[in-house]
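First chain A sits with chain B, and in the next complex the same chain sits with chain C.
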Partner chain A sequence: MNKTLLGYVPNESPIYAVHPFVKLFFLLIVSLFPMFVTAPDWNIGLMFVIIIFMWISRVNMKTLKIYVPVAISMGTIIFISYTVLGGTHPEFELLARVWGINFYWERVRDALVVYFRILPMIFTMVFFLSTSRERDIIVAMRSVKVPFVITYVFAMALRSAGMVLEDFQIVRQAEQARGFDPTGKSLPYKIRQYVMYMIPLFALSLRRSEEFTNALVARGYAFTGEFSKVKRADYILTHYSYKYFDYIFIALIGIAFIALLIFRYGFGYFLVEQSWLMRILHGAVS
Partner chain B sequence: MTEKAPYIQVIDLDFEYPDGTQALKEINLEIVKGEFIALIGQNGSGKTTLSKCLNGLYKPTAGDIIVDGLNTKKSSIVQMVKRVGYVFQNPDHQLFNSNCWDEIAYGPRNIQLSDEEVKERVEEAIQVVGLPKIYHSEHPFFLSKGLRQRVAIASILALRPHVIIVDEPTTGQDMKQSLEIMDFLQDLNDKHGHTIIIITHDMPIVGIYARRVIAMAQARIMADGPTGEVFTQTEVLEKTFLAPPQITQLAQADPDLGFNPGTLTVEDMVGQFLEMMGRRE
Partner chain C sequence: MAEEIKTELSAEEIWTEEAGEKRSIGVIHIVITALLIGIGFVVGAFGSISFPLGFGVNFFWTGIVVQQVGAIWFGAWGVIAGAIFPFFSNAIAGTPFYVSLAYLPANAIQAFLPAWAFRRFKLDPRMKSGKDYLFLFLAMVVSSIIGALWSVLVVLKGFNLLTADSVPLFIWGWFGGNVVAGVVFNFILLRALSAVVIRTTAFVKKWWA
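Our next item is the complex of A and B:
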């Protein structure tokens, strides 16, 4: 097993045959796809494609369930923002009026469009973080000559996210070991107790960031000044080389993006008005 | 081994992490009240996983753990923490409150004790760990690591568990502080009757304090017995990548010298030496 930023992936995973830059390129470009697509059908399709990539990469699919609460709470916030807090629009099609709140079809539709734009972006990020180690990110960024200081700050920020997640698990266990059992308790009680996680997490992060800083300075790191101009050997890059399929993947991702732009702006594809999913939903709620 | 009824029974325990790592395989052991046990083994051997299984933080993948007649699989966390307390390796992971008093009261409040009983238990725990009054209203994060460790132990003591598991109690401490913590744990064992389980790599500490050693390697128990006896099983210890304390190694260096190969402390060796000299005279 290799420890990645969001979990573990077996050593035999085919993802390790791919150059880290390809994964970073995938993240940066594929995350943009939903920005140009308003039809949820296509964005749902993109999510399935990413899930297939995760499965091929042998990411533990059980870990996906931890994102379900995030997806639900995000969906709820978006839906409330667009409907309950969406204002009065006499020009829109009224679906229902509940406790004085108007629910318009257009606002529901827009909420779904936004939701299904954000979800594939999160899936892409989860795929990237689940299959990348910190050094993959350093290699990816250094291989395209991103300055050393920026590369390391970015990589450390991602590493910190992983560490906070690990700390969170231990703190949660420590709270359980002190008799905290949320089973059957009210939501306000749970929230109050969960807030207590923040105290050790913040304290640990502060202590760790100070240690990080000291360790970096002790190793000659400087964000500005002469140290930052020193040419670095980038020894780690010598372990990686582009293979022919890396170029093919980069080309395919690039072509897919260009094709998306052409179809979107040249031929008017991927619009919500063409979405069969929305048509079915509209028919069901009207 | 004692003939008392076991307080903890581990029966054919297997544990697998969600990522597929098999952390424990076919673990069988019994722990009786009043023992002082050291769990030893290299990193990743399964010590911490086993101890987290013992207090119900992890539920077995296969097999059972019976604590005071309760199966950890079927028991609530509240039932378990009253029986087995777990002090985490890094005290910073388990300090949730803005002052030491509230920190120690946090567990008893979680198990819904009355204010009077919470106060009684906190005062008792503070007395046992010897936390000076000036620190009671101090934020735990501003204390030294040794004091933070004490607050962490006090916060577990306030739950009055019979068994206290302490993960790496001496890591990062100097010898003086290590001995202070270990003396304190020994007091809990001798005077207060708590069963103590320490997880450690510090073999001299094991030699001085533990009466029973469980050596683990590759998710299995490789040796389990009285400390001196386990330290004589050099082949087994090699598998765990651990070496007995230097004084034990010295005693084992030349069997012809006649030292007990299970010698654990300098005092023990000096005693044997003086006895030998006396015999010669």
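Our next item is the complex of A and C:
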């Protein structure tokens, strides 16, 4: 199994046949798609495509459970902000009036449009995080010639995030071993106790910064001055090369984006007014 | 009797270079930046997942501690880390890539203002006087107001994610989520660790070294 930023993916997953840059390119470009599409049908379609990619990549779908509360709370907030906080608009079509709150069709529709624009963007991000290892991000950055120092900082940051999580567990277990039990306590109490995690976490990280620095200096690393100009072998890149299908994927993603822009602005496609899903919903609630 | 060795630095001395003292950017500053991004990644994601309001706005954002305390101690390196790490923590918590990217100026300001206030007014990061508390609180409030206005009016409205009527809720959410978490953690953390940090080589007196 390979540990990715969001879980584990089997070694045999076909996603590892793809160059890491292709995944980064997918994230950067496909995240833009929903910004030009207001019809929820297309955005739901995009979500399905990403779910199929996750399934093909053998991503453990259970890791996605953490996003269920996020999706629900975000959906609720969007719905409330468009309906309860939506104000009074006599020009809109009133669907219902509950406890003095007007529910207009246009507001409900707009809430759904926004929600289904956000979800595919989140799915794209989750797909990237659940299939990418720390190393993949470094390779992707180096393959587009991002300067060594920036790549190195990113690599260290990702590495240290893992260490902070381990430290967090250690501190928590140490406190539990001393009898600390937050079960059944109030939220303010838990928040207050959270301070007890923060101080040791910071202290451990400060100590670690010294260790990191000593290790880097001992290996001859320098980010400024003459030594920083020494050309280093990009060892990690020697393990990755672009295959013919990587170029095909990059071209397909690029072409899909250009086609989207042409259809959107040239022919007026992907608009909410053309959404058959919205027409069905409107018919059902009117 | 030999002259007594001075062990306690004054607030003025903390930010002033001593005669003959030479400070320069070192590997440790790069490392500190990376580590702050790492801590912020974890701590910020905790807040984003636990108390979400939506689109990366939270009722209680613990990441503010790393952003502001980090920048007070480590100057521009803390500001850089404070601007970058929310991008990661928001991503993990389910904020779209380009929305997170657009939050960058807000996060940079939130990290920069308290750091600037401490350097400009020679405040003591060990929080020894009422002035230190007052100025830090003001810096937290002002930076969170700017951050909230940018994030909600420029980013979320720019991406057409909010109605005009729901703007106040998100502005209050961003502002309150940052200030409350800052009040809970910033003062305690500064009091607890500043005395140690100001004696390390990683501590930044000006902006870069």
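Criterion: the second predicted complex is superposed on the first by the 202 of 286 C-alpha atoms of A that agree within 3 Å, B and C clash if a C-alpha of one lies under 4 Å from a C-alpha of the other, contacts with A are read in each partner's own complex, and residues count from 1 in each chain.
By our rule, contacts are C-beta pairs under 8 Å (C-beta built on N, C-alpha and C of every residue); 3 or more make two chains touch, one makes a residue touch a chain.
The model shown is predicted, which means the values in this text are computed figures rather than measured ones.
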{"item": "Partner chain(s) touched by A:Ile51 [first = chain B, second = chain C, both, neither]", "value": "neither"}
{"item": "Touched partner set for A:Ala203, first chain B, second chain C, both or neither", "value": "both"}
{"item": "Chain B versus chain C as contact partner of A:Gly7, first or second or both or neither", "value": "first"}
{"item": "First, second, both or neither for A:Gln173, with chain B first and chain C second", "value": "first"}
{"item": "Chain touching more of chain A, residue-wise (chain B, chain C)", "value": "C"}
{"item": "First, second, both or neither for A:Val272, with chain B first and chain C second", "value": "neither"}
{"item": "Touched partner set for A:Leu64, first chain B, second chain C, both or neither", "value": "neither"}
{"item": "Touching partner for A:Thr183 - first (chain B), second (chain C), both, neither", "value": "first"}
{"item": "Overlap of the chain B and chain C footprints on chain A, listed as residue numbers", "value": "199, 203"}
{"item": "Complex contact set, residues of chain A against chain B", "value": "1, 7-8, 10, 60, 62-63, 167, 170-171, 173-181, 183, 196-197, 199-200, 203-204, 207"}
{"item": "Complex contact set, residues of chain B against chain A", "value": "18-21, 52, 55, 57, 76-78, 81-82, 85-86, 88, 90, 92-98, 106-108, 110-111, 141, 155-156, 159"}
{"item": "Of all residues in chain C, those that touch chain A in their complex", "value": "25-28, 30-39, 41-43, 49, 52-55, 60, 62, 65, 69, 84-85, 88, 91-99, 159-166, 169-170, 184-185, 188-189, 192-193, 196-197, 200, 202"}
{"item": "Chain C contact footprint on chain A (complex, rising order)", "value": "5-6, 27-28, 31-32, 35, 66-67, 69-71, 73-74, 77-78, 80-82, 85-87, 107, 110, 114, 117-118, 121-122, 124-126, 129, 149, 152-165, 168, 191-192, 194-195, 198-199, 201-203, 205-206, 208-210, 212-213, 216-217, 221-224"}
